[in-house]
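Notes for the one structure printed next.
Labels for the chains are A, B, C and D, by order of writing; each one numbers its residues from 1.
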Amino acid sequence: MPQRKLKIACAGLGRMGARHALNFANRTPRADLVAAYTPDPKEKAWAATALPDTTVYTDYDEMLKHPGLEAVIVATVTTVHAEQAIKAIEANLHVLCEKPLSTTVAISQSVVDAAQKKPHLKVLCGFSRRFDASYRQAYERMDQGAIGRASVFRSQTCDKLDPSGFFVAYAEFSGGIFVDCNIHDIDLALWYFGQDSVVKSVVAMGITAVQPDLRLHNDVDNGVGIVEFWGGKIAYFYSSRMMAAGQHDMTEIIGTEGKLSVNANPVGTLVEMHEPQGVRREIPHDYYGRFEHAFVTEANEFTAACLDDTTLPFKLSGAVQAVQIGCALQESLNSGLKINFDEAGRRIENPRL
Amino acid sequence: MPQRKLKIACAGLGRMGARHALNFANRTPRADLVAAYTPDPKEKAWAATALPDTTVYTDYDEMLKHPGLEAVIVATVTTVHAEQAIKAIEANLHVLCEKPLSTTVAISQSVVDAAQKKPHLKVLCGFSRRFDASYRQAYERMDQGAIGRASVFRSQTCDKLDPSGFFVAYAEFSGGIFVDCNIHDIDLALWYFGQDSVVKSVVAMGITAVQPDLRLHNDVDNGVGIVEFWGGKIAYFYSSRMMAAGQHDMTEIIGTEGKLSVNANPVGTLVEMHEPQGVRREIPHDYYGRFEHAFVTEANEFTAACLDDTTLPFKLSGAVQAVQIGCALQESLNSGLKINFDEAGRRIENPRL
Amino acid sequence: MPQRKLKIACAGLGRMGARHALNFANRTPRADLVAAYTPDPKEKAWAATALPDTTVYTDYDEMLKHPGLEAVIVATVTTVHAEQAIKAIEANLHVLCEKPLSTTVAISQSVVDAAQKKPHLKVLCGFSRRFDASYRQAYERMDQGAIGRASVFRSQTCDKLDPSGFFVAYAEFSGGIFVDCNIHDIDLALWYFGQDSVVKSVVAMGITAVQPDLRLHNDVDNGVGIVEFWGGKIAYFYSSRMMAAGQHDMTEIIGTEGKLSVNANPVGTLVEMHEPQGVRREIPHDYYGRFEHAFVTEANEFTAACLDDTTLPFKLSGAVQAVQIGCALQESLNSGLKINFDEAGRRIENPRL
Amino acid sequence: MPQRKLKIACAGLGRMGARHALNFANRTPRADLVAAYTPDPKEKAWAATALPDTTVYTDYDEMLKHPGLEAVIVATVTTVHAEQAIKAIEANLHVLCEKPLSTTVAISQSVVDAAQKKPHLKVLCGFSRRFDASYRQAYERMDQGAIGRASVFRSQTCDKLDPSGFFVAYAEFSGGIFVDCNIHDIDLALWYFGQDSVVKSVVAMGITAVQPDLRLHNDVDNGVGIVEFWGGKIAYFYSSRMMAAGQHDMTEIIGTEGKLSVNANPVGTLVEMHEPQGVRREIPHDYYGRFEHAFVTEANEFTAACLDDTTLPFKLSGAVQAVQIGCALQESLNSGLKINFDEAGRRIENPRL
């Protein structure tokens, strides 16, 4: 008896959308990518060839009405994530929404609120690293007690230098480097420290080393931030847009009895080149080179959760917490001030003055 | 318009067969695994759940008659590879046959002969490492001239210690460690040195360090061999069944101007554990942990070649050469003699006596 | 003709003093360790055997009068570094003073002032990493333009967990983790960014994960700090007293066109152990395991500078800058406030309020 | 009371001799390099500056008569090692002789015979790797049972490509690549497998990939050899003169329960360079870059053994065994024949014919 497949649609066929679409079409055996939405003629033409079994809509609302549709991937620009996710939820569709839900806390929360009204739906924020085999192994080891009490967390998201200036235009809507890049690291901190961690203080600094025009959008190309949690835990983050060798995302979870590192020693393939100048290895050029398999796992696990009505691996509300911390870091970067919170998580104004 | 898919069947649902079947069913978008063959009731029961869209036959010949069938994967025990491959070829089906074609040169050659009579068919011997991203990158670099003239080749296939004694029984039909394990390394040597390389001499030695009973089958658990080629090239091989930490297959291609290494520094995930005893990492436990993605690529590329009538990435005849060299190494191991060949590849008896 | 040797004395024969004494006695061919000072009977007894050619004094001032003495190593407790260094300078002796000169800026500056009055003397603060082959290679590469403009600097000093509680007592006089540990990283930042870098702001946070009693001395066992420099440069630091595997000091210098890392991938010897649990390596247990050869180089280069009247590799005044930054980080840790400075390096009170 | 120092002389001030001389003069606190011998005016001139406290002789026999002399380092060309070592022994001097004692077994044995007549003398063959911290740690781990029974040994000595042609002229007297390079690896095999190991068979092959003129001296620039020992042990060796990146000497000791590797992952300093082409590290350019500290340890331990009349870490007779195996490999390389030995170590002619 042929197995039942999840009828899913992909909104957005840009850089990330196209990858999601291909993953659901070709690498997610229990899903059928029945529909896609893009207003862009080039993306539509691409889909005609690359997604031969998929109906492409130029209107998002029309796509939601595709016969038998059960789920939607929202992979459009960040500015419309929340609106499209909420529409899909209201249409009784499961949703996999790319991160971040929004660049503001309030709008992010509105997606959570919408989801809470439909508890039978699976609504996932696409924190792809949660599906990565290395991060999962590290979590498992920590959970088994391998490092004692996790106390210090360091994580970085560092992109290969892109001299095209793309990131300057992108920064207008990205929410800034802490919301766009470090959001992943923040989410990881909440995963490893526990979703119930309460922020005590936040501070960030940054520079524009290669793209001075980023300041027009209150952004930087290298940012460093520290987040202190109540209960004696600290996370610190680095993000950069100017790595020469390629993508280097790495994380350390430091406990009272041990440390786990993920990707401290970046590798691409298993090839090393011995040359007159020394021994050389190439590393992935972008986040997809590093996390391709995590995205495939995400697609398969989301599909399974929808079909089998099983629990998703993490809660949607964490996505709001992550945006909250990311926005606070971005604010500190721009105000030059450290921001403090009380034990209930409420912001304290004018500390100690 | 829905894309056309290759109707394929999988003969054998044992360790490797089950993996091929799942890869073609779930991770090869352009293929439909329509049929499978196994005489084993347990494997049949497994397939009912794991391969819901696949018809399972208990008779290989019946399977070949499955309506519309276009291609067959032969993943049964080595002793029947050749017979089943030839039957499929004669039934005008494309064939992906697991390595080795046979443990004897003559029988291996009979598969090549059968394939040559049906030049429109795609017949592939499953040397999975040819589809591995690292080996491909190394080949590409060499091909671009990165190491000058490739001159020395070192390669090892080393399995994790399996204390169950499985390998003793297995050795009865495996052809011996050089035919079973190093066949991959030999095939790689032929790839990097060129398929037209002519063997000049062969010598091998081995020991039974953990499984003395292997001597009953003229086999060893650790073997070292050297293969000299006419034209000033040397390959040397190591195979072992007793690695403590896991699978460690590695290769070096040493040229006059550089060296390429593949997996000199084995890794599993990207996690490192910092513990009181030092820094530790885990490595894959078996060949599938190391080559999983290569098998998926193999499935997809074989499917594409069948559907699009494009050339396979390497010739079937190389599989006979590899068996020839593997058998010569195994013979040298057991006779204690070095074996020599003239420039036409003909064996020279009683050298220099 | 026998070469002339520098007559040098070592004040302090504790952990570090004994190492300096042995290095000057045995591994510095151009020096003669003619005298040493220690008030401790055990250290005196040790010296009788370990330093047979050295006269041991129990009074520092007496030691300074040793016939023909030309130079002094000050390796006593931090609290007397400055006083002893100044006395030696006033006695017209070259001085190699262990870091930090003092835990306060004013007292550190007094050593610099004393030295400036005797420009013919060589006065060195023992920032051992400045003599390490890896740090020097990294500096040389940067200096040759390999990474463009150095912009972000990350450095950590992380000690192996010492469950004895030693660090709690030690913290009373150490100046705190940023002055005691990160002083090295701060000095490195000043080296790579340039000694003329001006601090713009400083912030730090910390926790006591394993030694809560450190709070009695206003200290922590894990600290994270950020230092922003005028001109678009950022350094961030981590120090820890609880590494399970051993000492892990590492540094990254991130430029606009490349990155240099020092010890990202810590190693001890070149041995790797392949065990059923994976592949394991040991790493140095303490800073001396990591920097032993740097200390020997330091001894030899200091000796050469004294004998040949050549320039020391870096200026003494940098040691004051480093203490200044370390103290500011420690203050920020304890006050919870970010500290700001104007472009002349003057502190700005109550920023933006 | 000043400590007593060993009065030692160094014969030969060429590449290796100069290094020994400097190590004994400057880095061996318990030794005084009182004399040296060189017939070369350039080396003599160098010594005048570099070794100011050393008397330089142009006649070896005269040097042996230096007043109070107790020990000699023989670091001249290999062809005179044995003669000079024997003369020194006969003059009642301790001897540290560079490897190999000779390129022939008989002459090597004559040194052992001479030494046996003077059991109060310390006579050491300079197998520097025996003094290397990594090799020692590996031995200690094996000795503690970490890998079960050592069964397979792999070791390589690979020099950086030297395009000057130096090695062609050098090959005339070096004894060939297996005697000159792999002698170290052979010695290591005897160390790890036990000095009482008996060779069962030997086979070798080689090519001239970059220096065809090496064939004039019956030598190659890349050699591979296998040595089988009675009792189920195998060692295999690789030596090369054409490594692009630098010196890469590495060793694996493979046991029934684990594996130890030494320098599988070659490193120079701890610097990694992140560049647009990837991540790069440099490795040592020659054996001295890799083993500098081992030579210093050798100098100090030899000195201590002479002064304190303690046992040397390994027996001189092993040096004959190593030459024996090296010569057999070289013979096999040139004859094309495998060479067999019985359990008493006697050569078996015409095996199985």
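Note that a contact is a pair of C-beta atoms (placed from the backbone, for glycine too) under 8 Å apart; a residue touches a chain by one contact, two chains touch by 3 or more.
Heads up on the chains, UniProt names are A, B, C, D = Putative myo-inositol 2-dehydrogenase.
Just so it is clear, the model here is predicted, and its values are computed rather than measured.
Taking the mean Cα position of each chain as its centre, A sits at the greatest distance from chain D.
Across A-B and A-C, the chain pair carrying more C-beta contacts is A-C.
Per-chain CA centroids place chain A at a distance of 56 Å from chain D. Chain centres here are Cα means. That of chain A falls 41 Å from that of chain C.
Across the assembly, chain B contributes 243-245, 257-259, 264-265, 274-276 as residues in contact with two or more other chains.
If touching chains are joined by edges, the resulting network of the protein chains shown connects every chain directly with every other. Per the touch definition, chain A reaches chain D in the complex via residues 243-246, 248, 266, 268, 274-283. If you check the complex, the residues on chain C that touch chain D are 1-3, 25-27, 29, 52-53, 133-134, 137-138, 141, 146, 257-265, 267, 269-276.
Looking at the complex, you find that chain A touches chain C at residues 147, 149, 151-152, 154, 161, 201, 203, 205-210, 222, 224, 226, 228, 232-234, 236, 238, 240, 242-245, 254, 256-259, 264-265, 335-338, 340, 350-353.
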